[in-house]
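The next part holds the structures, each set out as structure tokens.
Consider the two complexes below, in which chain A is the common component and chain B and chain C are the respective partners.
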Partner chain A sequence: MALQLIINGISVGAIYALIAVGFAVVFNIMRFSNFAHGGMISACAFISFFFQRAFDPPPPFYVTILFTAVCGTILALLIDTVAYRRIRIKNSPKIYYFLMSLTFAILIEQVLNVFYGTNMYGFPKVFQSETFMIGSIIFKTMNMVILAVSVVILSALILLINKTKIGLAIRAVAINADTSRLMGINSSVIVTTIFSIAGILAGVAGVFLGVQYGVYPSVGPSMMLKGFIASIIGGLGSLSGAIFAAIALGLIEIFLTFFIGATEATVIMFAIMLGFLFIRPQGIAGKFVEDKA
Partner chain B sequence: MNAYQIGLIIQICISVMTVVAIFAMTGLAGMFSLGQAAYMAIGAYITFVLSRFLDIPYYLTGILAIILCILLSWLIAVPTLKLRRDYFALITVGFSQMIVALVLLFEEYTRGSIGFSKIPRADNLLWITLGALVLFVFWIRNLKYSRFGRMAIALKNDEIAAQSFGIDVYHLKIKIYILASAIAGFAGILMALRNRVITPDSFGWAHSSEMQIFLFFGGTNSLTGAILSAASLKLLPELIRDITLFGTSMQEYRTIIYAVLIILVINFRPQGILGEKEITFKWVGNLINRFKKSTVTEKESYD
Partner chain C sequence: MRKVLLVLLVIVFMLPLAACQGTVNDNVGEVPEVEEVAEEAAEEVEEVAEEVVEEVNLEPIVVGNIQDLSGGASEPGKANAWGAEYAVQVINENGGINGRMIEMITLDCKNDLNEGINAYRKLVDEYEVVAIIGPPLSNPASGWVELSEEDQVPIVGHFMDEICTTDPDTGEPYPYMFLAEPSCSMQSDMMAKFALEDLGLTTFATLYNTGNAFAVAHAKPFMDYVEANGGEILAEETFTWTDTDYSAQALKIVNANPEAVFLSDYANQASLAYDFLRDAGYEGVILGANTLSLPFPSLVKNDIYDVYFLQNYDMLNTEAGGYELFQTYMAAEGADYPKANVAFGWDAVQVLVAAMLQAEDPTDGVELRDLLAQTDGVVLAEGTITIDPATHRPSNMGMYIADYDENNELRILTYIAP
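So, the complex of A and B:
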């Protein structure tokens, strides 16, 4: 039983990690909290749902994931063009980024609300058999798929950032955007890359959330909150810290939900975050991004 | 005036009141909070649930609720405001979700998502709301032009520079946050008295972000701009109620309309509709004078 809870917790944590990293990547480069990420996740959940239902027989699951990731990227780049481009060019205060990302978050949620209602749509069955057994332990197929895909995507992302030339450029821009521009890094290419990465992560997270929790307009924003908490506990702007904290958070949540209850779990998780800020404000990773106010 | 119009005026006043409180926080001190609706929820729920179950008149529990708002905002502010600004926005989002979860958790008393509807009728609510609104607007206006307000504006523009001028940035921020939260709590009580029913959905972070949108639409640096935009944007859905689009009333699209308006404003006039301008009696007087002069010169040019 305990082992099963742990596996469930890690797979929930893996989704949170996808959300938290998508959020942290944008935060690292652009230095603002991208609330629109939650809206993007909702939109992607709906896209994957309608894509899965549009064909008979339904397309293989990996096709849905790929298609949604592409749609997520397009959506992220669209939001960047409409919302952030002019602010970036004018070099306006950070607070405008906040407002714009927030506006897009509620815009997407409301558009979905008006056209599809607040009802929950159940995701159609993806696999023939929903569980399999190894020894005496029952594994949910979906949990394993989520784990595998998340591990692949996150390790690919970490390799991209740590080993490639564009990753070096991303790290340079994260440290100091102006200086890296002086060194000949094309910052608009970097920003496009960053939003594409965020879009892919939002797309994949959207598919998984839709499968696990059902498809409804506020699925993204409400799960986004767990991503926020993870990235705060992990240390804002640190990818590995965010992944670690997200998995821990998934485990804590599954155990709390199992032993106490789902509503209490939300309250306790917030209390954990607030307590963490008291004790160790720089997060687990200890990388505290200082900036001039 | 019929009941509908009175209700509408009260609703607009409450909306202006919350936006004025946010003006003190975001407009003056540059703090971006998304949890103000949570304080409205605390004000509303604590007042009426306590007054029902302990049998105390609601104006006494109302005072208790506002004290609780002050304590809670202090508790949130102390660890958070030491950190960079991003933490503050995130934590307030989390806080508002937590309050909604708490309301659902104590379903026994709050009746959960069905909504709490045992709220007494208040006489003269219109005059109470108008009086409180005038008081708060006058208060915040004085705050803006006082030493306190100038310190807040300095802090908004550059925190480190403000600190080097001897401003206690941390405590100043805590004070402003507590002030804004207390006003939000009061507005929550009024809102409950007006609607006669409170549901947790109406206090989510979507409501908080609506307030921020109102503020930015009018201009973060202009108190009168904030008041005007809060009133007109709140009135807008009522004006387009009878127009239908895709089979539903335009009222359903109000948040979408707000979002599109704010995207246009931030892209093309980031300082808001009014920018730095304040509409004062003097400004109106000057405008009238200029208008008179221009009509005179026009006449002269015709001669």
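So, the complex of A and C:
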């Protein structure tokens, strides 16, 4: 029983991790929480749904993931250009980023509402069998795929940030954008890279959320809250902290729901977040963030 | 308004008469002719007044229609709105209410209590509606119980939670609120009765959304009926609007090992709950409200088996009364499948119109209220409705039990009488 709960918790946490890292990666450089990320996830869920349905027979699942990741990147860059670029050039206060990200989050959801309604669309069946068993433990096929893909993507991302030149530049800009610029780092390229990464994560998360929970306009925003909590607990801007916190959050949620019920579990989870903010505002990763938007 | 108009007309017609009379007094020899003129003028006034009254009576009767057009239940809400508007169109084409047309004003309540109150106020204050067709949503409708009494505006709808039609403390009906389908508890009782008697099941679990009045108002009566009739509830699991993963609840239900699970929420959540239960290895019977109806098979990923749910109409039966209505909707809106909500909107209008046709003054809210409380045998899209004056809910309406065959085609299994 406990093992089954752990597996379920890690699977849920893996989805939260994809969302949380999408937040963290933008916060790392831009110093604001990109709430439009939830809207991007919803848009990507719809893109993947219609892409998968457009072909008979449907394309392999990995093709859908890749296609949606590309679309997510384009969408993220488009949002950056339309929403944030001007604010960045004018060096406007952070509150404008915050307002713009909220505006785009609502805008994307409402546009989807207008075109597709609030009805849920069932993603076409991806696997022959929805579950498989090892011993007495039931594994959900999709959960395992999500877990595997998340591990690969997040590992690649951590390697990119820590072991490559572009990663070094990202870290440099994250520490001090002005000094980085003086040292010859093109901050525009860094920002484009960051939004591309966020777009890829939104694309992949959109596909997974669509398959797992159905496709509807608020699928991204509804999950975004948990991802945001994870990114706060992890330490806003910290990728590894966000991943760790997301997995922990998934586990806590599953265990609390099982032992004390869904309603109480939600209350306790928010209490945990408040506790973290009170006791350790810098989050698990210990990186204090002054410019929290 | 009509009286003021009449008085003005009389004054307008009497002024020349008075002037004429002044002239007559100067010419005493013509007095008899003046009397004749006065009589003629009086007759003319009467005729014009009658024409004016007739014209006033032929003004359209304004009826409100509040539905969820953009909120979380907008898909069924739009179908509901379509059904009500189409009913009005058909009624007007057939002569309206004794010659008077109905003008329907449709507003969006966004499945929200406050938005519902705003829409209500706008309809009553700005459009001066005489009655309102309500949504199949209890959350916004619960905010109108007192307002409708203050304004004397009858509301007919499909808000199934009993708190929308009767005072939970006294059991007395809210005077202006009327339900046009079986209430939540009536429906849940029918499903529980079917499960206990027809399927012979004895152990159950429930999985429902505690944040949704619709879900709670179905689940609680189901459990009460089961326990009052020899059954046992082994697990009562819940989730909230913010939850998207029900795997922990599903696991608990699997461990409790009930013969059947009663799912209660809107279609999106009910479909998710079904998949989580099957994914967790639950192989027993799944019972549910009419939200497990179409398009349920296109929303779930697992195979569908042993799923039984409530249905208001036999929507796919070509011989059933509502078939043509559903087909008209599908053709008009390009819908892939029939929606019961179309008939909900249609039915609510039929109930209201039946009262209006009997009324001496179809714009009098009090008279309409009294007539609605006596609704008896009004023909609906399918079957008839008789409203119990003690509850303002139907007393004669049963429900179908349906399932899905091996090709995932919806089929009606039986009819459960109330």
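Assorted remarks:
Throughout what follows, the second predicted complex is superposed on the first by the 284 of 293 C-alpha atoms of A that agree within 3 Å, B and C clash if a C-alpha of one lies under 4 Å from a C-alpha of the other, contacts with A are read in each partner's own complex, and residues count from 1 in each chain.
Following the convention adopted for this analysis, contacts are C-beta pairs under 8 Å (C-beta built on N, C-alpha and C of every residue); 3 or more make two chains touch, one makes a residue touch a chain.
All figures in this text were calculated on a predicted structure; none of them were measured in a lab.
Superposition note: with chain A as the common reference, chain B and chain C are in steric clash.
Of the two partner chains, neither chain B nor chain C is touched by A:29.
In the overlay built on the shared chain, the residue A:82 is in contact with chain B alone; chain C does not reach it. Residue contacts after overlaying the shared chain place A:225 against chain B and chain C alike. In the overlay built on the shared chain, the residue A:120 is in contact with chain C alone; chain B does not reach it. Once the two complexes are overlaid on the shared chain, A:273 sits against chain B while remaining clear of chain C.
For chain A, the partner with contacts to more residues, out of chain B and chain C, is B. When both complexes are overlaid on chain A, the residue A:263 reaches chain B and chain C alike.
When the two structures are aligned on the shared chain, A:281 is found in touch with chain B, with no touch to chain C.
When the two structures are aligned on the shared chain, A:90 is found in touch with chain B, with no touch to chain C. Once the two complexes are overlaid on the shared chain, A:103 sits against chain B while remaining clear of chain C.
Once the two structures sit on top of each other via chain A, chain C runs into chain B at 112-120, and not at any other stretch of 76-84, 112-120, 220-228 or 274-282. Residues 222, 225, 263, 266 of chain A lie at the contact with chain B in one complex and at the contact with chain C in the other.
Remark: chain C residues 70-75, 78, 210, 237-240, 242-245, 247-249, 251-252, 255, 267-268, 271-272, 275, 278-281, 295, 298-302 touch chain A in the complex. Within the complex, the chain B residues that touch chain A are 26, 30, 32, 34, 76, 79-80, 82-87, 89-91, 93-95, 97-98, 101-102, 104-105, 158-160, 205-206, 209-210, 212-213, 216, 220, 248, 252-253, 255-256, 259-260, 262-263, 266-267, 270.
Across the complex, chain B is touched by residues 27, 31-33, 35, 82-83, 86-87, 90, 92, 94-96, 98-100, 102-107, 109-111, 114, 221-222, 225, 228-229, 232, 236, 263-264, 266-267, 270, 273-274, 277-278, 281, 289-293 of chain A.
By the touch criterion stated above, chain A contacts chain C in their complex at residues 1, 4-5, 8, 11-12, 113, 117-123, 125, 130-131, 138, 140, 213-214, 216, 222-223, 225, 253-255, 257-258, 261-263, 266.
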